[in-house]
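Same chain, two partners: chain A is paired with chain B first, then with chain C.
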Partner chain A sequence: MKAVFTFSLMTLRMLFRRRTLWGILLIILLALAGIASVPSFDVSNQGRFILDFGLFGIEVGALLLALGLAATLYPRDRETKTLMPLVAVPLARWQYLLGRFLGAALVQAAALLVTCLGLMLILLFHKLPIPGDLLPATLLIIVEGWFLLSTVFFFSFFTSPPLNWPLTTMLFMVSQMGVAEFVGLLPSAPGLMRALRMLLPHADVFHIKDPIAHGFDVEPVYFLVAIFYGLCYSAFMLSLALAVFRRRDLK
Partner chain B sequence: MTDVRPLQVKELSKQFARKRGLGSVQAISNISFDVNQGEIVGFIGHNGAGKTTTIKCILGLLKPSEGNISLWGSLPAAPLARKRIGYIPENPDYDDSFNPMEYLNMFASMRGLSGIDSDWMKLLRRVGLAGWESTGIRQFSKGMRQRMSLAIALQSEPDLLIMDEPTGGLDPIARKEFRELILEENKRGASVLLSSHILSDVETICSKAIILSRGRLMAEGSMDDLLGEEHLFRITVISRKTGREVEETIPETDLQSRIDSMRKDNLTIVKVERALKSLEEVFMAATGGVKQ
Partner chain C sequence: MIKYAFLITITLLSFSGCRSDYDISEVAPADFLESGENQEHVHEGTDEEATAERDNHGQTGDENSIDEHVEASHAGHNHAAGARNHGTQWFFNQPWAAPFIWGKLFRDSAIFLGLAVAIFFFSSRKRRQK
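Showing the complex of A and B:
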C-alpha cells in the first residue's frame, strides 16, 4: 500500500500545481457570491435561499471538480507516455488506479471544504446563523463527489474526455431522479425502468439541503448510511474501471 | 530446475484489432529468443518491425495473442520479477510540474528503495544531470528527459535493463556516454535488451543481436556468428610486383592450403583475420534490403 499512498501524494501535488483546480474553485466561489448577492424580501427567506442554492452550487462544484480533475488524468498519462514507466515497473494497474483516485479524491474534498467555508463566510457576512448540519451536508456532497470521481475514472478508460463529460453529467442527472420520474422516461416498460433505476446510483440520498434550509434536524444514522452507500458505490465503479483498465493494451 | 535466464520469449505473437472491426494487424509473429545472464542483446529492426510491441509484451503493457514470456522463470506480471527490471521507454516524458529529485524520491518510495537525496544526487551526476536536480522537467530538452529516464531505470540497480531506442535523437557525445553507462551496468552484472535503430551502437556494445522485420525474427545469434557468418578469412600479403599490401578473402576450408601456397611462393604474409561483415550488411541481408 505504500506505493499507492506515494502515488496518491504525487497525484495530489500534481493536481494542486495545475490551473484547472484553481479555475474551477474560483468559478464555484464566484457562483456562491453571486447567489448571496441576489436580493431577498425578508431575512428568513434570504437565509433559506443562500443555504439552498449554496449547497446546490457546492454539489454542482463536486461534479465540475470530478470532471475537471479526473477526466484527463488517464488520457493525458497515455498521451504523454508518463503511464508507461509507471505501469511497466513500480506500479500494478490497480495501484495506479487507486493512487490516482485517492490523490484526486483528497484534492476534491479539500476544494469542497473551501467552498463550504466560503458559504459560511457569506452567511456570516449577512449576519445569518450557520446551521450545525452544514458541515455534515458538505461531507455528504464530498462522498457524492467521490462517487462522481469514480464514475469519471470508469468512463476515462474507454472514452475521450469530451465524451466523458456528457456521459458523467448524464449519469449525475439520472442519479438525482426518483423512481416515478425515471419510469416516466419510458412509460411503456415500467418493470424494466424500475429495475434499471434500482441498479443506477441514487445520488438523491446525498441531498439534505432542503431539511437544513428549513431548519430540520437530520438523524446521524442517515448520514452514516448515506456515506456507506456512497463509498460502496464508488468502490463498485472503481472495480468496473479496473476491470476495463486491466483488459486494455497500452500501445 | 529453476530457470535463471533473465528473459525468455517463446513463440510470441501479437495481433491488434483494426478499428470498426476491419480485421486485424499481425504486429509480431512467432518470435522466440532469450536474454541470458550478463548479455547485452541488440534488438534491431526497421520502423514498425515490432520491437516496441515485443518490449511492451515483455513488460506486461500489452497482452500477447499467443506465446509465453518468462522473467527469471516467472510471469511478467510477477511483482518480484518486475522489481528487478529497469525500463527506458521510447521518447520518455514525465509530468512537467516535478523536478528530477522529486521524481527520484517518489519512484524510490514506490519501489520500496531506501536511498536518500545524496544517493540520487550521485545518480543524477552519473547520468549527466548534475546541477539540474531542482529544475522543473518542463525546461528539459529531449536528451535531458532521456537522461532522466535512465536515472529512474538505474535507480534500483536492475538485473535486467530494457531500453527502447534510448539513444534516438541524442548527439554523438551523449550517445557515447549512454553506451559507456550501459557497459558499466553490464559490468555490474545487469543483462541488457537494447532496442535501437543505430546499428553502430549495437555493433559496438552488444554481444548478441536479434533482427526483426515485419514482425518476424529474421536472424539471431552472437555478434561474432552474425558478422562472420560465412566463415571467411582475409589474408593480407605484400605484393612482389608493387611492394604494397594486398588482401585476399577465402573460405575457412581453403585457408591452410592457401597459406601454404603463399609461403611456397615466398610471399610475405602480414596478417590473417576473420573477414567480418558490418552489422548493416547483415541487417540488410536479413531484412531483404538491397545491400548484401
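Showing the complex of A and C:
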C-alpha cells in the first residue's frame, strides 16, 4: 500500500499544478456568488434559496471536478508514454488505478470543502444563519463526487475524453431519476428497466439539501448509511474499471 | 466485460428481494403514506358546511371567490411543524426521511461491495491464466 500512497501523493501534486482545477473552482465560486446575488424582493426565505441552490451548485461542481480532474489522466499517461514504465516494474495495474483515484479524490474533496466554505461566507455576508448540517451535507456531496470520479475512471479506459464527458453526465442525470421515471423511458419493458435501474446508483441518497434548507434535522445514522452506500458503489465502479484496464493492451 | 456483466446479473438475481428496484412510495408502509393523507383533509367544521361553502362559491364563479375559498379552506385547519401536508409527498418520499429503506440501502451497499471484491479477484485470475 506504500506504493499506492506515494503514487497518490504524486497525483495530488500533479493535479494541484494543473490550471483545470483552479479554473473549475473559480467557476463554482462565481456561480455561488451569482446565486447569492439574486435579489430576494423582501421574501423572507432568501437563506433557504441560497442554501438550496448553493448545495445544488456544489453538486454540479463535483461533477465538473470529477470530469476535469480524471477524464484526461489515463489518456495523457498513455499518450506521453509514462504509463508503460510505471506498470512495467514499480506498480501493479490496480496500484496505478488506486493511486490515481486516491490522489484525484483528495484534490476533489479539498476543492469541494473550499466551495462549502465559500457558501458559508456568502451566508455570513447576507447575515443568515449557517445550518449545522451544512458540513455533513457537503461530505455527502464529496462521497457522490468520488462515485462520479470512479465512473470517469471507468469510462476513461475505453473512451476518449470528449466522449467521457457526455457519458458521465448522462449517468449522473439518470442516477437522479426515480424508478418510476426511469421505467417511463421505456414503458414497454418495465422488468428490464427495473433491473437496469437496480444496477445504477441512487443519487438521491446523497441529497439532503431540502431538509437543511427547511430546517429539518437528519438523523446521524443516515449519514453513515449514505456514506457507506457511496463508498461501496465507488468500489464497485473502480473494480469494473480495473477489470477493463487489466484487459487493455498498452502497446 | 460480457462475462462480468453476466456474473453481476446472476449474482444480483440470486438474491431474493433484489429482482427489481423500488421507489420509496412503493415500499413505504401504509402508516407512512397515510400520515399525510389524513391530515390533508382535516378541516374545522362539518362536511355539510364545506359543501355549502363550495356551492356558494360555485354560484358566483369569479376568480376572487375561488381564491377566497382556498384561503378559507386552508385557514380552517393547522398542520404540526415538520408534518406532511398539502403537496409535500415529494419532500418526505426521500431517503433521509424514510428510515424503512435504510436497511435496503445497507443491503445494496453490501452487495456492491461483494461484487467489487469478486470482480477484483476474478479479473486478476483471468490475467494470470493468459
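Simple rule for what comes next: the second predicted complex is superposed on the first by the 248 of 251 C-alpha atoms of A that agree within 3 Å, B and C clash if a C-alpha of one lies under 4 Å from a C-alpha of the other, contacts with A are read in each partner's own complex, and residues count from 1 in each chain.
Note that a residue touches a chain if its C-beta (ideal position, glycine included) is under 8 Å from a C-beta of that chain, and two chains touch if they have at least 3 such contacts.
Not measured: the values here are computed from a predicted model.
Engineer: After lining both complexes up on chain A, report clash or fit for chain B versus chain C.
Structural biologist: Result for chain B and chain C: fit.
Engineer: Once the shared chain is lined up, is A:P220 touching chain B (first), chain C (second), both, or neither of them?
Structural biologist: Touch partners of A:P220: none, neither chain B nor chain C.
Engineer: State whether chain B or chain C is in contact with more residues of chain A in the superposed arrangement.
Structural biologist: Partner with more touched residues of chain A: C.
Engineer: Quick one: classify A:R17 as touching chain B (first), chain C (second), both or neither.
Structural biologist: first
Engineer: In the superposed arrangement, which partner chain does A:L242 touch: chain B (first), chain C (second), both, or neither?
Structural biologist: So A:L242 only meets chain C here.
Engineer: Can A:K2 be said to touch chain B (first), chain C (second), both, or neither?
Structural biologist: First partner only.
Engineer: Using the superposition on chain A described above, determine whether A:A88 touches chain B (first), chain C (second), both, or neither.
Structural biologist: Once the two structures are laid over each other on A, A:A88 reaches chain B alone.
Engineer: How wide is the angle at chain A between chain B and chain C, using CA centres, rounded to the nearest 10°?
Structural biologist: Nearest-10 rounding gives 140 degrees.
Engineer: Does the superposition put A:P187 against chain B (first), chain C (second), both, or neither?
Structural biologist: A:P187: touches no partner chain.
Engineer: Once both structures are aligned on chain A, how many angstrom separate the closest C-alpha atoms of chain B and chain C?
Structural biologist: So the smallest C-alpha to C-alpha spacing between these two chains is 7 Å.
Engineer: Does any part of chain A touch chain B in one structure and chain C in the other, and if so which residues?
Structural biologist: none
Engineer: Applying the document's contact rule, which stretches of chain B touch chain A when the two form their complex?
Structural biologist: Going through chain B, the ones touching chain A are 16, 56, 59-63, 77, 79, 82-83, 85-87, 89, 91-95, 97-98, 106-107, 109-112, 149, 152.
Engineer: Can you tell me which positions in chain A touch chain C when the two form their complex?
Structural biologist: 94, 178-180, 191, 194-195, 197-199, 202, 204-205, 207-208, 210-211, 214, 216, 218-219, 221-222, 225-226, 228-229, 231-233, 235-236, 238-240, 242-244, 246-247
Engineer: How about chain A: which of its residues touch chain B in the complex?
Structural biologist: The touching residues are 2-3, 6-7, 9-10, 13-14, 17-18, 80-82, 84-85, 87-92, 249-251.
Engineer: Inside the complex, what are the residues of chain C that reach chain A?
Structural biologist: Listed in rising order, the residues of chain C that touch chain A are 1, 4, 8-9, 12-13, 18-23, 26, 82, 91, 94-97, 99, 102, 105-106, 108-110, 112-113, 115-117, 119-120, 122-124, 126-127.
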